[in-house]
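My questions will all concern the structure given below.
As written, the chain order gives the labels A, B and C, with residue 1 at the start of each chain.
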Amino acid sequence: MEKCYLTIGLEVHCQLLTKAKMFCRCGTDYIGKEPNSLVCPVCMGLPGSLPVMNRKAMELAIRTAMTLHCEILPRVIFHRKNYFYPDLPKGYQISQFDFPIGINGTLEFMGQGEKKKVRIKRVHVEEDAGKLVHEGLNIPSECSGVDFNRCGIPLVEIVTEPDLHSPEDARDYLTMLRSIVRYIGVSDGNMEEGSLRCDANISLSLTEKTMGVKVEVKNMNSFRSVYHALEFELSRQQKCLAEGKKLFPETRHWDETRGVTVSSRGKEEAQDYRYFPDPDLLPHTIEQVILNDIQSNLPELPLEKKERFMFDYELTETEANVLVQDCSLANFFESCIKELNKPKFIANWVITEVLKNLNDLRQDIQHSKITPAALMDLLKMVDRKEISGTIAKSVLEDMFQSGAKAKDVIAKKGISFMSNEKELEKIVHQIIEQNPQSIADYLSGKEKALHFLIGQVMKVTRGQASPEIVKNILNKELSAERSLCGPREPF
Amino acid sequence: MNIADLRHYSIEEYKKAYRSKEFTPTAVTRVFFDRIRELEGDIHAFLAIDEEGAMKRARELEEKKISDTDFPPLYGIPIAVKDNICVKGLQATCGSRILRNFVAPYDATVVEKLKKAGVIILGKTNMDEFAMGSSTENSGYGPTRNPLDRERVPGGSSGGSAACVAALEAPLSLGSDTGGSVRQPAAFCGIVGLRPTYGRVSRYGLVSFASSLDQIGPLTRTVDDCITLFEVISGQDERDSTCAPYPPFSRNDIPKDEEIPKIRIGIPNEYFTPGVDPAISGRIREVIDLLVNKGFPVINVSLPHTDFGLESYYIVALAEASSNLARYDGVLYGFRKEGSFTLQEMYTRTRTEGFGKEVLRRIVLGTYSLSSGYYDEYYLKGMKVRTLVRKDFEASFQNCDLLLTPVTPCLPFRFGERSRDPYQMYLADVFTIPSAMAGIPGISLNCGYQDHLPIGLQILSAPFAEGKLLGFARYLEKLLSIPLPFPEKMPRKESL
Amino acid sequence: MSEKISLDEIKKMAQLSKLSFSQEELEQFFVDINSVVSHFDKLNQLDLSDVSPTSHISWSQPPSNPDEPREWPGRQEVFAHAPQVIDSYFIVPKVVDKQEE
């Protein structure tokens, strides 16, 4: 078929990491809470209640907009978006309209090995809605339940221009955006828990200059589903165009289990949000001191950090990429380097072993039991060759699970500091000298003799030596003996 | 003396009586409930009466040990509160069937302040549904009658609050003023009603009609009581973004007596049109002449956009109202139309049955002026004209300190007289609306009677200049010495 | 009387604001609302091209909240007067689809 031009724009909502809600003083820690326990007259929209802006939410939104190189507008003005829905207790959502926090920004990300740039159209703040449940213990099947714990949590919405051109791009942009909101501490960006949500606008055109018909895709709850939904939508639209069918603007929902997008029937012919300035909230002038303060506290971003890691620590791009994806991992790495200035060696351990353990335990570095100091206690031993890499790996695994110190794990595992190879070598020599028969047996092909010899070393060290290290030393020594005895027949 | 005469006391007189142990708060409270029992069947100023709570509160106040010098400013003073202001544990129906079972789970900021100041809340007063009306005929619970003429309306929307004070069922009350809803009923009932500067009194706990216009204001029998009540309820509130972060009003803001005659009075031409009842304009001209004779600097001023105030007000107020009233959907509180419905049916049936006709009309109108395609034509235009109206006042206050106008173009009208044509009803607020649009304060003062019907004089000032406004009003009240309205035409207490 | 807002528009506005009227009611609204809207035309006499709109009356920087949560103790009273509550959820007829209109 003919070549198609794909254009994607994303709208991402992130819950801001405030302790209190956007317009009232209720707490935001809603996950796992009893329904309607984090509520007050304001976030339940009780008659007579009035909203007052949480200034921290405003600051986090400005921080987001600044990081995305937006122009920051001088005043915070809220609009009402009017529509009826049971999770929206006032009959309108407090949002922003023609005067958002920031406009005209950009974001750079790595898309399939290439540095790409997306224009950010706008960054605005709004309040989250409540949650509906359709089946609960005692809720009749013909009813739904409403929980307002989430209602009023601050959200920042980040809208791109239609600058993305493949599902991969969309996924990579989203990965970078999540990484950034985490870096700057404005959101935990957790898609599965709903603290980061993404809607996509996708359009397919036969010519490069014109835009196709805009289709909105919603209900994508993971990075994977964003990618798959867009891939599905791309092929669906390609097929339509190939068959000469007309595409029309619509909203489609991603059905995760069936792996298809489904048209939301007749996108409300009469929908009209009637945005107007919220008369309950006076415009708030953003003071220059606040802007300066936020600006001067912006952290280093993933791409900058990556370049610095490559330059300062002589890491490869791949290594640096892995380390900077999660800010806390990058910080963890840099704390480790302070203990031992061998970045390459440490990077290697962090990228392979630390990440493997985190992955196995489904943890992130912040919530793991390992501290940089604990890891470095272990790696310093490896570096001094007091223990082998293999041993260290198994010790590390134990440390991740138990949170114990390297020294204690080693003691518990019966790997004393006698696993110090020099000392062990002495003992091995001693055993070799005392057991000429076993040596002869081994050299003549009796594998069992080796086990006997290991057993002897273990006996002398009262079980404190690492059998593996002992075996290694024995092998080394015995192969030296073997070479003295000349080539041996194969067995 | 007759214990019933207690009803005529001013706040200072109550406090004096309490200090000297002449009377107790329970005795005073009981006297008002007696009066309520006597007249309510006829006046219907109240939607809820909390006799049990009020008597309990009165006893609690008596038991508290309070030193003679440290009396809270409203210690033991009974008060009635408009039913759109939340008092914890009491209903807040806003005169609407849609909130008929709504019990406020919190106190409005003004109510917190009142309670701290020692008041005794008698009950909640009748009003036009969601404060939409000028006669209290739009109440979902039946109209209030004007105590001075039971065939006539008490004005609105704070008709209950005005009527109960005029009928001596309460010594003072709180109302709310969006386009004149405190000042117009005060004028119709011959009492004092103040609309403060927008943002001077917290709106937290006042159920919104039009957020950028709503203000809570006192209704009292005298300017002095108004001053005391205003001192208590004003001041900043961290729970209301629109509440100005300025200190509360203080009677120390009032100019000294010798400064009063220097106050420059402006007379806006646009408020003396042929449409005004000659009895009203004539009486106000007399007052102006009196002031000229007293040596006040009086000048004519022009507020050229006055004539556009009414239209722009209705556009802005109804747009806001259509959104403010969206929350009454039967989900969380208030009335829900029962039956096995879909969600959409629950919404439409709850709302269509729950709201009264005028409210429905205003919601549709407000929705219209915000809807796509009409926003620029109506809502945006309304906001722009609002700017012009505001600037008119700003300019006039360059040349004068206060403006003197009628409160209404008409005397209290009969029931049904204006309720058929909504626009005729809107005209009742034509002189109170522009100042509300500008956010400036205004007071309504009884300046005389046409037969038995009171005539209201409106005094307006620059924002936050309530000191001058109230000082002058108090001076004028004394100068005019208009007898207080009293339904039984009983002699004033001075002669008792 | 000139017709500024049509019967269909009134129907649409009613739909948007979740109200429903009988034909008779609609016709009465049509008359009343047009009578009010016809007065709004008066504003066209003014040249508003250079006038900025007043959406709020604002005298100074408004207050804002610190990011410090505090609990509200009154939720039981809200439950007590709510139309229907089960297991601390507010109950409504089944919500079928977000786009359902």
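Methods note: a residue touches a chain if its C-beta (ideal position, glycine included) is under 8 Å from a C-beta of that chain, and two chains touch if they have at least 3 such contacts.
None of these values were measured; they are calculated from a predicted model.
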Innermost chain by mean C-alpha position: C
Which of B-C and A-B has more C-beta contact pairs: B-C
Longest centre-to-centre distance from chain A, chain (CA-based): B
Centre distance in Å when chain A and chain C are each reduced to the mean of their C-alpha atoms: 41
Centre-of-Cα separation between chain B and chain A, whole angstrom: 57
Separation of chain B from chain C, taking each centre as the mean of its C-alpha atoms, in whole Å: 24
For chain A, residues contacting two or more additional chains: 41, 44, 46, 52-53, 82, 84, 86, 142, 144, 146, 272, 274, 276, 279, 281-282
Set of chain C residues in contact with two or more other chains: 12, 16, 18, 55-56, 58, 61-65, 74-75, 78, 84, 90, 92-95, 101
Multi-chain contact residues (two or more partners), chain B: 102, 105-106, 212, 238, 240-242, 322, 326, 329, 331-333, 340, 343, 347, 367, 371
Complex interface listing, chain C residues touching chain A: 12, 15-16, 18, 55-56, 58, 61-72, 74-75, 78-79, 84, 86-95, 97-99, 101
Contact set on chain A toward chain B in their complex: 41, 44-53, 80, 82, 84, 86, 89-92, 142, 144, 146, 272, 274, 276, 278-282
For the chain B and chain A complex, residues of the former touching the latter: 84-86, 92, 94, 99, 102, 104-106, 108, 203-208, 210-212, 238-242, 319-320, 322-323, 325-327, 329, 331-333, 340, 343, 347, 367, 370-372, 375, 379
Parts of chain C lying in touch with chain B, wherever the complex brings them together: 5, 9-10, 12-14, 16-21, 29, 32-33, 35-37, 39-40, 42-43, 45-46, 48, 51-65, 74-75, 77-78, 81-84, 90, 92-96, 100-101
Complex contact set, residues of chain B against chain C: 88, 101-103, 105-106, 197-199, 212, 236-238, 240-246, 305, 307-308, 310-312, 314-315, 322, 326, 329-334, 336, 340-349, 351-352, 355, 360-361, 363-365, 367-368, 371, 378, 380-388, 390, 421-423, 426, 438-439, 463-464
